[in-house]
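In the two assemblies presented below, chain A is common to both, partnered first by chain B and then by chain C.
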Partner chain A sequence: MSAPVLTEQTVPPTEPQVGATRAAWRDWLRQPSALLSVAVLAVMVLLALFAPLIADEPGGTSADVLQPPSGAHWFGTDDLGQDIFAQVVWGTRTSLVIGVAASLIALVLGTAIGLVSAYVRGVDAVGTVITDVMLALPTLPLMIMLAAVVSPSVVTLTVIIGVFAWPEVARLIRSQGLVVTAMPYIDGARVLGASGWRIVSREILPAVVPLMVVSVLLTASRAVISEAGLSFLGLGDPDSWSWGRILLNAQRSGVVAIAWWQTLFPSLAILFLVLSATVAGMRFNDSRDPRRNGG
Partner chain B sequence: MSTSNIRRLGRWRVAVAVGAVAALALSGCGLNEGNDSGESTSGDGSTVLRIGTTTDVSNFNPLQSLSKTDSWILNAMYPHLLRIDENAKKAPELAKDYGYEDDGKTAVFNLRDDFKWTDGQPVTAEDVKFSAEKIMEYKLGNVAAKLTWVESIEATDATTVKFKLSQPYAPFAEGVGFWMSIVPKHVFEKAGDLSKFANDSDWVGAGPFVLDSATKGQRYVMKRNEHYPLAPEGKAALTQVEYRVYPDVNTMMLALRNGDIDLMGNPVPASAAKSFDNDDKIEMTKVGALGFAHLTYNMNNKELAKQEVRQALSMSVDTKAIIASVLQGDAQQMAGPISPIFSEYDNTEIQPYPFDPEGAKAKLSAAGYTDGNGDGFFDGLSFGVACDQSNANITRVVQLFRESAAKAGIKLENECVERNTFLARTKSGEYDIDASQWGVFDNPMDQLRSTYLSSNPGGINYNLLKSDEMDRLINDAAGTTDQAAFVEKIKNIDKVVHEQAYLTPLYVENFQFAHNASKFTGFVASPSDLLGMVTAYSLAQVKPVG
Partner chain C sequence: MARFVLSRAVKAVLTVWIAITATFFLLRLLPGDPTTLMVEGDMTPEMQAALLKTYGLDRPLWEQYVSYLRELTQGNFGISFRQIQPVTDILVDRLPWTLLLAGTAFLVTIAIGIPIGVYAAVHRGRWPDKILQAAGIGGHALFVPSVAMLLLVYLGARLGWFPIGGAIDPDTRGLAAYASLAHHLVLPVASLVLVQLGPYALTLRTNMIEVLGEDYIRAARARGLSTRRRVWKHGLRNAILPALTLMGLQLGTLVGGAVLTETVFAYPGVGRLIFEAVGQRDYPVLQGAFIMLAVTVVVANTLTDLLYAVLNPRIRL
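Take a look at the complex of A and B:
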C-alpha cells in the first residue's frame, strides 16, 4: 500500500519533493523507537571507529582465566584470560564492516538488476527468473560451502554474504521501479528524447532511493547475522575478532555452561545491532506512509 | 500491500529469532545452577553404561581406516593381538605372548584358546591369518603399511601364527599386534571384496560387547558377549553399552551432569575441567597422550627449506605460555620428535629451542633477511599456518604463534579452516606450516618411518621431506636387531631432526575423562584420547557401584 504513494510523492517538481523528504526524515527521528535505534547504531559505529582508543586489541594470554564480569573486566575473560569487552568492541568493527560492505554489494547489484529489469522488458524475463532461483536457493548451506572452499577472510566473507543478499533487494527495487516506469513523466522523458540510461539513472533511481535506505538497514542486519553465523561455524576470518568468533571460542572450548558472560555479551551485541537496524528501517518506511502523516 | 506486510512479518521474525538466541544464551547460564545433588537414582541396579561421543560411526569395517568413534565401538567388538595398558606398554590381549625366530625374520604370536565369537565359534590362528592376508590383499587401512615386509603367514596350529618377514624389523610384532583387528574368517570370507564390505548389520564379534543396533545421529547399542575371558567373571559385568551422539561437547557435559550419560568418551577440554569441580558424583581420570602437537614446515617452500628460518620459527613459539594458558599447565613440553612417553628412546640431551624473538631476529638478519620497507617484518618471510578449526587447542596455539612470531619479524597468516578443507590441503601439500596433532604413535620407529621417509609410507610426511640422509638413517635403524644399538640410532635421529628443526614439537598433553562415579567403577584408562576409558579391556572391567 505504501508503494504507490511513495511514487506520488516523487512525481511533483523538485522543491516539494525535497521538502517532503526532509519532513519524512524529521518525522522519522521524532519517533522515540526510531531515535533510540539510531542512537544505538551511532554508538556501535563510534565503538567500531574508536576501538583502539577504547580497548587494546585482544591478544596474548593472562592468568585471569574465565573470570566473571568485574570492574577490571567488564564482560569477564575467556579461557586464555583475554578480556571479553575488548573482544566485543573489536568484534563490532568486523561485524559492522562486513554488514555495511556486504549490504552495499547487495544494494549495488540488487538496484542495478532491479532497475534494469523494471525498465527493459527483455531483461526482466531473465532477471526475474534468476532472482527467483536465487531466492529459492538455501543460502546458508551454500554460504557454508563457499566459505569452506575459499580461504576465510573479511573480504571473501563480505563478497559471499553480499552476493547472496542481492535478490531480495532486486525484487523490492524492481516492483517499485515497475510502478515508476508506468508513470506519465517517464513517457514524457522518453518523448523528449532522453536516453534509456538517463531515464533509469535520473528519473527512476531517485524514486526508489527511500526504499534503498530501508534495504541497506535490513540487508546490513541480515549480513551481520550471516557473518556471526559463519564465524560461529568456524568459517570466519581467524585473524580478526567478530562476535560470532567469540561465541565459537566459548562453544569450542566447552565453557558455555560455566562462563555465561562469554556467550551473553556478544549475543546481546548482535541482538542490539540487528534489532535497532530493523526498527530504524521499519520506522523509516512507516514515516513515509501517508496514513500516518495525514496524507 | 501484501508484500509490505510479509516483509514486516519477516522483520519481526528476524527480531524474534535474535531474541530467542539471546534467551538460549541466558538459559545456558541457568543450567549451571542447582544441579549439585538430586541424582536421578534409577534404583534398579541397571547395568547399561551410556557413553557420550561427538561423532557418528562412519565405517563399520574394522579392517579399514577408522575415525575415533569407529575405533571405540569396533575395538570393543573385534579383538587385537595386543593392547596398550595404563602405562603405555604393550600387554597381551588375544595373544598370550609373542617373539621372534630366525634372527628376527619370523614373528610368532601364541594365542589364547578361550576367545569365542558371539556365534559360538572359537577364535583361532586362521582368523588372524585371514585378517592379515585380506589387509595385504586389499591394502586396507593404516595396518597395510605395517605389513610391508610380510612374505607369508602361517597358522601352524589353532593357537600359533607365524609372520615370515623379508627383513628383520624390530617393532613389527608390537605395531601389527596393537593395530590389527582380528575378524571372523567364517563371516568375512563370504563378503567377497573386503575393501567394499560395509559390515553394517548382523555383527559377529569376540570382544566384550557386540553391536546390536545402530541409529545414525542418535545411539549405538552394544550387547554383552557371554564369553570374554579377559573380564573378571568370564564375561563383562555390564549387560549393555550404549553410545549416544552429542555433536557439541557443552551439551555432552550437561548430559553427564544430568545423568543422561555415565561417561564422556571424548576428553573434557582443559578450559572446561572446572565444570565438574563442585559435582561429587563426577570423577575425573587423567591419562597421557601417545601423540603430540607440532608445527611442521613444508620443505617445498623456498624459505622454509632453509634451516635458519625453521630454527628462527622454532624460537618464535612461546611453548611454555601455550602450555600454561591453553592447556592450563596440563602438558609436557617436547624437544625433539620423540615423545617423552617413549622414555627409553627420548634423547634427553637435546633442549627445546628457547622462546627468544630477538634471537630469532638476529638469526634471520645473519642469514641475510632484511626489512626494506620498514613494516617491522622481514621481506619475503610470510607464511600461512594451516590448521583444523574444530581443534580448540590448536586454533588457540596458531593464534598465539601468530602474535609471538610477529615479534620476531615473521609474518604469519592464520589459515585455520574447516576440517575437510584442511585434510584436503594437507593431502595435496597446499600449506606452508602445518599445525596439528598426531593422535597415536605406538612406537618411535613407525613414527619416524611415517613422518620422514621420502617414500612417505604412512602418508603423514607433512614436511614433504626428501632427504637421502634421513632415509639412510631411518632404514639403517629399522634393520637393527640389537636393542642397545637400535636405541642409539633412534636417539641420533631425534637429535638430527631437532637440529634441522624439520618440525617444532609443542607438547604432549594430558587428557581428562569424566564419568559418573556414583554409578560405575573399575575403568582401566589407557593413554591417549583414542583409547582412554573405552578400550575393550577397560569396558570389560567396569562394574556398577553397589
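Take a look at the complex of A and C:
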C-alpha cells in the first residue's frame, strides 16, 4: 500500500540555486503525466472549494432509495435516498483539508527533526531510534486507538494523522541532509563563523526544499488513505462527509452487493486523488534530478 | 552471529516497550480519559470512588504504569469494558486468524512478486515491464476496503465462487474443514496481495536491474553460465536482500490492511475485533489489540532481519 515511492537517495542535489529550482518546476509541468495529475488535483481543489455551489449538503431522507446512476442522481442514491454525487463532492473537502493539513504537520515536524538529526550528531542518535520505532509499529491500529479516545473531528484526525506521518519525512530529509552537510560549502560557512542555527536554516534547508515538495505530495496522499481508513472504521468526523464514511454506510446497510455505485464512486475518488498526488510527486522528483529520468 | 541476534532481540524488546509506554500515557493524558468512562454518571460519589479503587485507578499514574507493566509481562491485558472477559482470552481467540491472513498474504506477495519482478527486469523496457511500472505506482493509490468490496461483490456475491464472509464453515470436519478454511481465505488474501504486489515487484525489478549490471554478473557471463543461472541464482540472491528489508518494513502497513480487510469480510481476526471495539469504545480491548499487533509486527520484522543475515553472509562477519 505504501512502499516508499522514493528510496533514500545518496545523490547530491545538483546545485542549491534558485535557477536550478525554477528549471525543475518548468521541466516538471512539461511532462504529460505530471500535467495531467496536476490538472486532476486542481479539479479536486475546485470541487472542494465550491462544494456548496455544486451540490446541496447531503442530509435527511428521500423516497428515491437505492437509485442507480441517472440524470437526476449522477452517482445514484443510498439506502436513505441521499445523493451519492453530493456525498462524494462534500467528501472531497474533508479528504483534501485533512490530507493537506496533516501533511503540513508531518512536513514541519519531519523536516525539523530530519535536518537537526543530519547536522547535530547527538540528536541523530535519539532521532534515529524514535524514527525507527515509529516506522516499525503498525500505525493504523495506533491511530484507531487514539481517534477512539478523543472524539473524532476534522481537527483531531488531522493532528493524529500528521503526528504519525512525520517519520517517513524525517528519514527522507535526514538522508538528504547528511549528503548536504558533507558538502564543502557547509564547511565554508562554518569557517566563516556561521552559527549552527544559521547553517541549518540558511544553508542546508534551501538544499532540501525540492525534496520537501515531493514529500508533501506523497505524505498528503498517504494521509488521504489514512483518513479514509479511519472513517471507514467509524472514526471519521460525524459532522463532515468523507469518502471512507460513504463506504462505511454501504457496508453497514448491507447494500454492497446491490448498490455498486455507492462503493465505486468514492473508491474512484480516492484512487484519482492519491494517484495524481503520487504521480505529481514522483515526476517532480525526476525533474529535480535528471539522472533518475532514465529509470 | 550470536551478537547480531542479541542486538536484534534487544532492539525488538525496546521497540515494544516504547510502544506500550507511549500508549499507556497517551491514553491517560488525552482529553476524554477512558478510565472515567467506566464510571457511570448516575453513581453516587462513594460508588464511583469504590469502583475506581477496585480497578486501582485512584493511585498515582506512575504506580498504575508499573503495575500495568507487571501484569502485561504475565500476559494480563486487563478486562474488557463491554464483554466482562479478560482481554487476553479475547485476543488469543482472534490473533491466529490475523496471523493466518497476514502471513498468507505476505508469502503470496513474495511468491508472485519475485517472478514478476525478475521477468520485468530481464525484459526491461518491454510492455510487461511498462505494465509493472504503472502497477507499482497505482498500488499506492489502492484503498484496501475498495479492493476488498470489489472482490466481495463480483467474485463473491455475483459469481458465487467464494464465500463473502467468515473464516470457516462450522459444519465441516477433517479435510473438508481445511478446504473451507482455504476457500474463505482466498478473497481476503487477494485484497491484500493486490494492494501490495505492484510496489513490491517494482522494487524487486529495480534492485534486479542494478544487480544485473554488476561486474560479477558479467564475469558469470564470461564464464559461460546460462542466462537462467545468472539471473535466478547469482542475480536474484542479491536483489532479494533489499526487497526483503522493504517487505519487513511493510509489515505494519500489511497489518493495517488486514484490519480493513477483516472488517469488510467479517473475518474473525484482531482487525474485526478492533472494528467492533471502536463501535463500543472498549478501550482495554483496543489497547490490547494494538500491543498484540505491535508485538506481532516487531517479532516478524526481527525474523526478517535474521533471515537477511542468513541469506547475506557479509553481515555475519
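Quick note on the criterion: the second predicted complex is superposed on the first by the 275 of 295 C-alpha atoms of A that agree within 3 Å, B and C clash if a C-alpha of one lies under 4 Å from a C-alpha of the other, contacts with A are read in each partner's own complex, and residues count from 1 in each chain.
By definition in this document, contacts are C-beta pairs under 8 Å (C-beta built on N, C-alpha and C of every residue); 3 or more make two chains touch, one makes a residue touch a chain.
Worth saying up front: this structure is predicted, and the values here are computed from it rather than measured.
In the three-chain model built by superposing on chain A, chain B clashes with chain C.
Once the two complexes are overlaid on the shared chain, A:R93 sits clear of chain B and of chain C alike. Judged by the touch definition given at the top, the superposed model places A:F232 against chain C, while chain B stays out of reach. By the touch criterion stated above, A:A136 is placed in contact with chain C alone, chain B being left untouched.
In the superposed model, A:L146 lies in contact with chain C only, and not with chain B. Of the two partner chains placed by superposition, only chain B is touched by A:L80; chain C is not. Looking at the shared chain after the overlay, A:R283 reaches neither chain B nor chain C. When the two structures are aligned on the shared chain, A:V255 is found in touch with chain B, with no touch to chain C. With chain A used to align the two structures, chain C clashes with chain B at 419-427, while the other stretches in 113-121, 293-301 or 419-427 stay clear.
Under the contact criterion defined above, the residues of chain A that touch both chain B in one complex and chain C in the other are 1-3, 148-149, 151, 221, 225, 234-235, 251, 256-257, 260, 263, 267, 270-271, 274-275, 278, 282. Residues of chain A touching chain C in their complex: 1-5, 7, 129, 132-133, 135-142, 144-146, 148-151, 221, 225, 228-229, 232-235, 244, 247, 250-251, 256-257, 260, 263, 266-267, 270-272, 274-275, 278-279, 282, 295.
Residues of chain A touching chain B in their complex: 1-3, 59-62, 65-66, 79-81, 147-149, 151-152, 172, 175, 218, 221-222, 225, 234-235, 238-239, 251-258, 260, 263-264, 267-268, 270-271, 274-275, 278, 281-282, 285.
Against chain A, the residues of chain C that register as touching in their complex are 14-15, 18-19, 23, 26-27, 30-32, 34, 137-146, 149-150, 152-153, 156-158, 164, 195-196, 199-200, 203, 206, 246, 249-253, 255-257, 259-260, 263-264, 274-275, 277-279, 281, 283, 286-287, 289-290, 293-294, 297-298, 301.
Contacts from chain B toward chain A in the complex involve residues 1, 3-4, 7-8, 11, 14-15, 18-19, 21-22, 25-26, 28-29, 31-32, 248-250, 253-254, 268-269, 271-272, 274-275, 321, 324-326, 328, 389-390, 392, 395-396, 398-400, 402-403, 413-418, 420-421.
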